[in-house]
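Note that chain A is present in both complexes that follow, paired respectively with chain B and with chain C.
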Partner chain A sequence: MRNTLARIASVAAATTLAVTLTGCGSDDADTGTAAGDPVSAADIQAALDKGGELTVWAWEPTLKDVVASFQREHQNVKVNLINAGSGNDQYTALQNAIAAGSGVPDVAQVEYYALPQFALAKSVTDLSAYGAKSLDGTFTPGPWTAVNIDGGVYGLPMDSGPMALFYNKEVFDKHGIEVPATWTEYVEAARKLHAADPKVYLTADSGDAGFTTSMIWQAGGKPYRVDGTTVTIDFADPGSTRFAGAWQQLITEKLVAPVAPWSDEWFQGLGNGTIASLATGAWMPANLMSGAPAGAGKWRVAPLPQWQAGENASAENGGSSLAVPEKATNKALAYGFMQYANAGAGVGIRVAKGAFPATAAELNSAEFLGAEFAYFGGQKANEVFAASAANVVSGWSYLPFQVYANSIFNDTVGQAYVSSTSLADGLKAWREASAKYGTDQGFTVR
Partner chain B sequence: MAVPQVHPRVTAPARRRRRSYAGWAFVAPFLGVFALVFLAPIGYSIYLSLYRQRLIGGTSFVGVENYQRALEDPQFWSALGRVSLFLAVQVPVMLFIALLVALAIDSGRLYGMKFFRVGIFLPYAVPAVVATLMWGFLYGSQFGLVGGINERLGLSLPSPLSPDLVLAAIGNIVTWEFVGYNMVIFYSALRVVPASRYEAAEIDGAGQLRIIRAIKIPAIRGALVIATIFSIIGSFQLFNEPVILQDLAPNAITTYFTPNLYAYSLSFAGQQFNYSATVAVLMGLITMVVAYLVQLRGMGRED
Partner chain C sequence: MSVAVRPVEAPTNTTPVRRRSVRRPRRSPTLTLLTGIVLAYSLFPLAWLVINATKSRDGLFASFGLAFADDFALWDNIVETFTYADGIFLRWLVNTVLYVLVGAVGATFLATLAGYGLAKFDFPGKRAVFAVVIGAVAVPGTALAVPTFLMFSQMGLTNTPWSVIIPSLITPFGLYLMWTFAAEAIPDELLEAARVDGAGEFRTFFRVCLPLLAPGIVTVLLFTMVATWNNFFLPLIMLRDAQWYPLTLGLYTWNKQASTAGGEAVFHLVITGSLLTILPLLAAFLLLQRYWQSGLAAGSVKQ
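Showing the complex of A and B:
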């Protein structure tokens, strides 16, 4: 009988807990410590010496080695590295933990596009008080801009994704295609290639929010402007129009393989030469090597095609930072770890494991630049990526609710890929849907 | 000072009342757990659906505003319309096939009947997630089976994952998964029909078709109704198959493809827990009403 009662009691407790966990009262989000009390480097060192437990939520695989070496150097610190899912799954878990006020990690991996959302809700800590501003210049401009939000520094850049054009040289050579230097040439190459062999597509695209926004970024578009809680969304600017114009031709003429990224079909196509190029972030090589081993030695890397011949504009695609949730228990220690992982010895460890750095020193080191990629036929691909990182167009910002906006991308812009809707109309519909959500959430949307 | 007059009401003897309390004590553990794990979540959903939480401005009580919004939400209605269409087409097809197979097995005239029975039932044992992944690969029009057929035979079959066909493609997967399950329900109902009825029918000179129409179908009517109700609930809750195929066909399967998927997207991608709860509560109500109507109609004539 007692057993049964105990069980009932524990069920009751579990249910109450579940109810609390699913509860959503982030209205108490601003009860955290007031930003401003400066925490000196000595305080952080003291926290590191004193030690304690640190919970880190991240899916970045190279962090495992960083944690091991960090714990060797700081014997008193115990780091629990937890993979709470990647991308959106992790953000959901994080947002739930923050809302519930329990189980919040001390450090969390947050992608650049999602960081403004957490920063605006004051769910993550402004690291200015911990001396993060002094790291200006340590990181490359793209990632550094991404973590600087509303005058605060809300994360330390971990990696970055300056864009480049990956292409299958064997396929290009076979059909006599030159590496396109402009997007106009790119469209022509797509026509020529598909005409030469109807099974081969220059690229695959089934509508990807991250890709589209990065392309608009490179084209000089600034569709999102954020000023506190006032948000402007406008896809009618020249940059967006330029992108939509060029890409519409590829879609209308059925020159892009309608294959979803990261699917088996996609990797097969990349491996067997039916998808001949890919414009994406510098973190791609490791994925190509593991996902499309058949393409080894055939692929090369070139600078991103330009919107204006002779320019060398670039954009970031993906990349993430480490941030400290406002409700973290040991912030000084958390910052100490982040500094080690993202601006200290950890960077070298991660780069050696194949991560693409966000720090200027590693990016410009001779060893990094001189690395030869067997997958790219011995090409020193990092030279291309480093040049791209230096040429990222400045002034880009994401929406403070970009996670949601990206999730409805395929409902709106995606329709241009499968119906008679034009890309421009799709972007318009995306704007409307995003604006509606923003208004619902209490933003002033223009 | 008025003294209220007390009329002691004539009540049942105290002994009887005490006995009824004893009964409550016995069911209390069950009721407690039931209230916590069944009623509390429903109650909490309803509670959530009366509030609105915003990124800026916090939480406020909005009464039935969320429900008003849902009733005017074209995305909600399109999702409901889609699962209704699915229900109207897929469920009859699936149940008809299941019935046919059950009758075939029950006729005892099949070779390798046991193998046949297990073979038909096997897909039900495959987890829906795995089944959908597998079908997703078969459906691939570039490098999947459909692509392979197109290439080998020089055909140009349309992609099953295109917006026009994707609902049919999902219907096919669900049919494949659940024919065996329904077949087992029908078959077990058929097994309990006493053999004497068949003998009597044969003596009366009834043919097999006549036996099916006059004896077998009426005999398994209860099973048919139950299977239909399960299928209605399953259709309205359609989620696994579209959410997995969404990775392959993100443009064809929108975030509001089915009501459940819509509720999921609202809460997981949009942090709109309140509106998501509203959609869930509404769908629960609609499912209940439809299932109840079917039950009334299906069972009604038996009385």
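Showing the complex of A and C:
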């Protein structure tokens, strides 16, 4: 019921977006170059001194402390931090507000996968005019590439999710499983583990768009290529095929626990050892600690298994930026806050609270790398994550309508998990449905 | 969270003894069994909720769903529910009560007034009104939520309590119910007598008709209360500020929190919060049930 309602809401929002996109499709030629009048660092400082009210929509829990500290340093600024829902709920709300033209926040949290959608619709501001380009090198390559869209910078990276393999060492040791170095070994390990104890699965997966696209990313696939309003969707490339081939074996042999990620059942499995590993982003430790406290001390972190032995390819999974909606009222002040939160003192505050940084300086600091995680038996897990961040495969991009595409993932690819449809056919169906939507939105889809 | 509305209660011993001797109801094992199954089916989620509200965060995952955990943490959970995130749960509870009091009571009042008017007065265009009301019953509220949002945001009403209260004031179904009820329950002769005695129209309505309409009012009130208390989609679209959330939306955000990077998983609070959320509804049903049943019985005697 809830899901259906959320679906209706997102479709409604998508329809709204369609109007916006068509509206700016005609003058696409000149919007690319016009970045607006430059706003200097002095202007931003002046805005901070002058103060005012700032509405920030974000669900990131550590921002609360950043706001408190920011307000202490800038006494004239009042920040209203509002959790307007997480992920899709917030995008729906944001697009509704943008369409209605009122109640638009000054700053909004937008995940990397969703940012191109807002950027190409010109719903969020190109921050180049505010000096965002000078932050090149401040952030790690993955997130920085993600906010650089079509020659502009549409958000400041807040966190990142270089992928790693989280595994339950206790379960692995009990059944004599080696930490897999390749995905072939991973499939082997899944067979061995499930055979040794039918209640235990190597991993859980019920079809997750973010996970699938990240896996294809690591496999070297480039299913989405975007050039202005021309979009190519192709799941027949070697990277996608490699992923589908390996994962199909897990699904066919029923080696993945049919448990939806993020459900209470999933957390339970992670805690009690019936789900023994998880390939996901580096922001996961905080979630494991609060969601699966029973697993404390048993879990470890390893680099992602590889598609070719000896390689060290990685990908990003999740992570989000802060962006300024085009209709925001006080953009200079908004940028001042974002700079503080994502490239200034705010980063340290957030890292201390357990967030995973997107900035190179924090990521490579001795203190960060040397942190020992009690949950991972004292392992210096950040070393693994930092290495992963450096090895993210370059050249990935998401669709300019990825929010919609992900919302129909379960109707297409998700079928492979519950019926006799193959993963490859599911991907094909996903391509068709996404392409149709893109064409309806005025994109040229190849 | 959702409490099924069960207007038809399991048969109870309300039939007068005298009648039973006239026609003794036969016991039917099949029917008893079927009723039993439905009863178990309805109580099952409730039992699950009660059992799991007593478990701590760890106990919730470590124990079987329908068995109690080793630790009994109901009181701790209730305290934590009310204190978590600066005690925002209490604020949500107050908001929900506000929405129900103003929204549901207001909706019932308007439905009663309009239903009575349509049933007892003749005026041109009555058939058109009838068509509109019947048509409105068929339109799901969900379909209207987004257009309503766009309209409200132009009026600057989104993200305020009014954006939830105003749409809740309209209940075409309640209006239709009151209309048919008023047509049956109030004899035209009574109205004529009141008018002959010199009572004004409003006095007639409030002093003479309202008591006769009480059973219908209670029915509509229960329906609108449940609808407003469980209202989810409208606040989801209208409200951004957690300070104005009703309980349903608040619990939803707590549940979603676990699926965000760095978000704390508070499933035990979601469960305890859900239990606390349905208690007032249960209380309302038990308290108002008396009036409801007597009303139905009164109607049946009159037929």
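Keep in mind that, in the parts below, the second predicted complex is superposed on the first by the 412 of 446 C-alpha atoms of A that agree within 3 Å, B and C clash if a C-alpha of one lies under 4 Å from a C-alpha of the other, contacts with A are read in each partner's own complex, and residues count from 1 in each chain.
Keep this in mind: contacts are C-beta pairs under 8 Å (C-beta built on N, C-alpha and C of every residue); 3 or more make two chains touch, one makes a residue touch a chain.
Predicted model, so just to flag it, every value in this text is computed and none were measured.
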item: Touched partner set for A:268, first chain B, second chain C, both or neither; value: both
item: Chain B versus chain C as contact partner of A:290, first or second or both or neither; value: second
item: Partner chain in contact with A:229 - chain B first, chain C second, else both or neither; value: first
item: First, second, both or neither for A:354, with chain B first and chain C second; value: second
item: Partner chain in contact with A:411 - chain B first, chain C second, else both or neither; value: first
item: Overlap of the chain B and chain C footprints on chain A, listed as residue numbers; value: 8, 12, 92, 262, 264, 268
item: Interface residues, chain A side, partner chain C - complex; value: 2, 5, 8-9, 12, 57, 59-62, 82-87, 89, 92-93, 96-97, 99-103, 159, 161, 261-262, 264, 267-268, 271-272, 281, 283-284, 286-287, 290-294, 318-320, 353-356
item: Chain B-touching residues of chain A, taken from the complex the two chains share; value: 4, 8, 11-12, 15, 19, 22, 24-27, 88, 92, 95, 117, 120-121, 206-207, 229, 257-260, 262-265, 268-269, 274, 400-401, 403-404, 407-408, 410-411, 414-415, 417-419, 437, 440-443
item: Complex interface listing, chain C residues touching chain A; value: 57-58, 60-62, 142, 145-146, 149-150, 153-154, 156, 158-159, 232-233, 236-237, 240-242, 252-253, 256-265, 267
item: In the complex with chain A, residue positions of chain B that touch it; value: 29, 32-33, 36-37, 40-41, 44, 48, 53-59, 137, 140-144, 159, 162-163, 247-252, 254-256, 265, 268-274
